[in-house]
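The structures considered in this document are given below.
Here chain A shows up in two complexes: once beside chain B, once beside chain C.
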Partner chain A sequence: MKQYLSFFRIRFIAGLQYRAAAWAGISTQFAWGGMTLLMFWAFYQNGENSFPMSFPELSSYIWLQQALLAMFMAWFFDQEIFESITSGGIAYELCRPCDLYGMWFVKNMAVRLSRVLLRCVPILLVAAFLPEPFGIKLPPDGLSALLFLVSTVLGFLVLVSFSMLIYISAFYTISPMGIRILATSVTEFFTGALIPIPFFPEALQPVIYALPFASMQNTPFLIYTGHIGGAEALGSMAVQLLWLFALVLTGRLLMRRALKKVVVQGG
Partner chain B sequence: MIELRNINKTFKVAKRNAGFSEAVKALFKKDYTYIHALRDVSFTIGDGEMVGYIGPNGAGKSSTIKIMSGILTPDSGECVINGRTPWKERVSHVREIGVVFGQRSQLWWDVPVIDSFELIRDIYKVEEGQYKKTLSGLIELLDIGEIVKTPARQLSLGQRMRCEIAASLLHSPKILFLDEPTIGLDAVSKIAVREFIKTINRENKTTVILTTHDMQDIEALTERIILIGRGRILLDGSLSALKSRNSSHKTLRVDYVGEGLPASEQMTVIKDLNGHGEMLIDTDRLSVSEAISYISSRVEIKDLSVVGETIDETVVSLYKEFEI
Partner chain C sequence: MKLYFKYMAMLLKSQMQYKASFLMTALGQFLVSFTAFFGVYFMFDRFHSVDGFTFSQILICFSITLMAYSITECFARGFDLFPRLIQSGNLDRILVRPRGEIFQVLTANMEFSRVGRLIQAIWMLVIAVSASEIQWTVDKILTVVMMLIGGVAVFAALFVLYAGISFFTIEGLEFMNIFTNGSLEFGKYPVSIYGEGILKFYTYVIPIALFQYYPFLYLIGRSEDVRLIFLPLLGFLFLILCYLFFRFGLRRYKSTGS
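Right, the complex of A and B next:
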């Protein structure tokens, strides 16, 4: 366990070095969040009742999304891992007495968390002081807040275990670019990063909720806004847990298979 | 104790000819060729030995090292290191080995070297007291006290290599694999690295297996060499055995003032131009000193060097001998 912690620490510290990138990220995310809200605002002028979420709920959803972007962004990958596979630096990692899956998982978590830590506080603070109904509001009750926290952790783990599959695919394809682009666009769409999942067509919703992507950022955000609560929230969290197990299991199996036939290229 | 028996490894390589139409064809049907990286490789290395593993590029050196460090699984054959098969019990095996790949880095790029060391300490679960002791020993021997506080990205190649070697010894491994540890280093760093390797082999009884293209490395470090070419072990023995092989001829390079180089039955002139010449001596019939005194009796020698066969030339002649 201690090795994972130190591993986490070294990546985390390295991630905290990039402060200019964080400021750039914060301003981009503000602009993006603001634009999204204004666009929805224009639609909402036609009558709020025709939409699945109330506007304040939507505002909270969008600002959470922006604040926690670094944590949940599906298009972000640790270039170091891909490089270690394609360039053969993985040779060293395989010479360590540890489990490669666990190491990469922790590395991924650390990079994302160090980024989110630098970004989320300013965004949330400013968003909290925006005028009604554009600001972020507190969750409806303490229970929702608690469930939100647990569900965020679960959603984060589901996302990381999914991106592990993309990393592992690099063992099989030599150039991971193709799968990366495909996976990125699919995940972006189905996680609700482009449009919150409740806005998808009725008929499509059961399909989307059956996919692992809905268990990433969508579940905790809906719990926070009070869109789902109580038993429904607990049910969604059970689904999150299920996907976490399934994805980790698949990842580990694929990795074990890949390492059996791994060819370290060059030199 | 390292034991390899009849290790074979084949790589599948996709091939196509140049050109657009060939590229389109390759979309549907790929042609593969099989490269036999290792064929029936067998050797045994005892505890505390220092062995030079040499051969030209593509001979199979790195593949062997990768198999011995558990990264690569061979197609067939047995490999037992300290009672374990590396690729089957990777985690417990790597705990006892240290590896330096001269062309890759294990230090984290953007943090001070000492942070990387501490991470490695935690990965190997080295006990704190032991770690401090090993570290201070390594720092002193490798003279890296000042540079460990610098981020790895700001180190020169020589400094980085010394840190890499220290990093792979923090967990006091019983076996150390060095894959081209002196590649790209200047003379001073090379000597420092060699001295260090000698010291740990002598004092800690660490088994060292070293691959290199640098003959000086081999001459300075190892008594025993294993020569590999095209995936086969060509020779396993002492360095002098390798040198004496195919050395019935030597070339003398001479700068002289005089009429021209004298030829005889035992020595032929290969080249003779404007006072620079080369002569081939059959050392079975004429010793080098006899040849020199014979030449100096005829011309005034200004400079003279004896050119032995380089390791690569030996390998090439061994290729011919084994008809591979």
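Right, the complex of A and C next:
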């Protein structure tokens, strides 16, 4: 456990160093969130009744999405891990007396968390002071807030365990670019990064909620806005937990199989 | 020009070495814009119109923006990687060669897998054109062509601007994303839907409205002003300005050494 903690610390502290980049990121995300809300606002003007969530709910959803972007972004991958596989550096990693899966998992968490820590507070602060109905609101009650926190952690773990599968796929394909783009675009879409999942057609909703992608950012955000609460929230969190187990298990199995016949590239 | 095609053939050959990966990347690009399309489709499934524009009208605007972007991206990819050229000091190598630096940056990288996105854009435009109620007279066809040309000019200008800014910041700026990717993302819809202020911004600062909003009004018959057909050509003025900025940065350039 101690070794994972120090891997985490190294990456986390390294991530905290890029403060100028964080400011650039904050302003970008702020502009992005604002534009997205304006787009929905235009739709809201003539279709208020067909809106699946109220506009303040949507605003909270979008601002959370922007604030926690670094945590839930699907397109971010640790280039070093891919390089270690394609260049053969993996040989050193394998000599270490610790579990590769766990190590990569922890490293990934650390990079994402350090980024989100630098970025989320300013975005949330400014968003909180925006005029009605564009600003972010507090969750409806204490219970939602608590459930939101737990669900965010679960969603985060689901996302990381899913991206582990992409890393592991590099053992099989060597050039991981293609799978990466493919997986990223599918994840982005079904996780609700393009349009929030409640805006998908009703007929598709059950299918989408059954996919692992809905268990990433969508569940905690919907809990926060009060869109789902009580038993429904607990149910979604159970689904999150289920996916987490399934993905970690698959990842570990695939990794073991890959390592059994790994061919180390070059010297 | 001959040399340009030589470079192109060379890059094509090298990228074709990883065939499976190339195909997957192209497929990925194809799907990326597909998901964007579904995003728009789902919204219209619910709301039917936005700001008075119908789905088939939006589709034309979207596909033209996407097409202009992917054409630009195919050949201007080198500018996207420009900050890395500066960081690694490889720009010095370019500067001592007896060819224009723009030419060399353009030939430094071309991403042929972006063809996937282009195919998707063409497909979408075909659907949009056949679904629309527009009478396709000569002037309307000319408008579409002008929109595309203007779009390529504006997006190319944004890439050049991005490269130019990195002379001063060395790092590639995440902030520029809002201009390049953001223009693609939010240019899906005619920019007027975002409100008056944003329309002004996209007319005078980042002039994507020049090719995707004003001529679009003529195309769908909301405006009768024939001058709007040629408005996208103003995009070249923006391109020249951005190029001058790039030259300005280049003149001030100090090597990073390593």
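By definition in this document, the second predicted complex is superposed on the first by the 266 of 267 C-alpha atoms of A that agree within 3 Å, B and C clash if a C-alpha of one lies under 4 Å from a C-alpha of the other, contacts with A are read in each partner's own complex, and residues count from 1 in each chain.
Criterion: a contact is a pair of C-beta atoms (placed from the backbone, for glycine too) under 8 Å apart; a residue touches a chain by one contact, two chains touch by 3 or more.
None of these values were measured; they are calculated from a predicted model.
The superposition on chain A brings chain B alongside chain C with room for both.
Of the two partner chains, chain B is the only one touched by A:Ile10; chain C is not. The superposition-derived angle at chain A (between chain B and chain C) is 90°, Cα centres, a multiple of 10.
After overlaying the two complexes on the shared chain, residue contacts for A:Ser27 are found with chain C alone; chain B is out of touch. In the superposed three-chain model, the partner touching more residues of chain A is C, compared with the other of chain B and chain C. Looking at the shared chain after the overlay, A:Gly47 reaches chain C, while chain B stays out of its contact range.
Of the two partner chains placed by the overlay, only chain B lies in contact with A:Cys95; chain C stays clear of it. Once chain A of one complex is fitted onto chain A of the other, the partner contacts of A:Arg19 are absent, as it touches neither chain B nor chain C. Legend: residue contacts after superposition of the two complexes on their common chain; A:Met35 is shown touching chain C, with no touch to chain B.
Here's the short version: in the overlay, chain B gets within 7 Å of chain C at its closest Cα pair. Shared interface residues of chain A, touching chain B in one complex and chain C in the other, do not exist.
Chain A meets chain C in the complex at residues 20-21, 24-25, 27-28, 31-32, 35, 38-39, 42-43, 45-47, 50, 52, 173, 175-182, 184-186, 188-189, 194-195, 199-201. Partner chain A is touched in their complex by these residues of chain B: 11, 62, 66, 69-73, 90-92, 94-95, 97, 99, 101, 103-106, 108, 110-111, 115-116, 118-119, 122-125, 179-180.
Residues of chain A touching chain B in their complex: 2-3, 5-7, 10, 13-14, 17, 88-89, 91-92, 94-99, 260-264, 266-267.
For chain C in complex with chain A, the residues that touch the partner chain are 18, 20-25, 27-29, 31-32, 34-36, 38-39, 42-43, 45-51, 171, 173-175, 177-178, 182, 185-186, 189, 193-195, 198.
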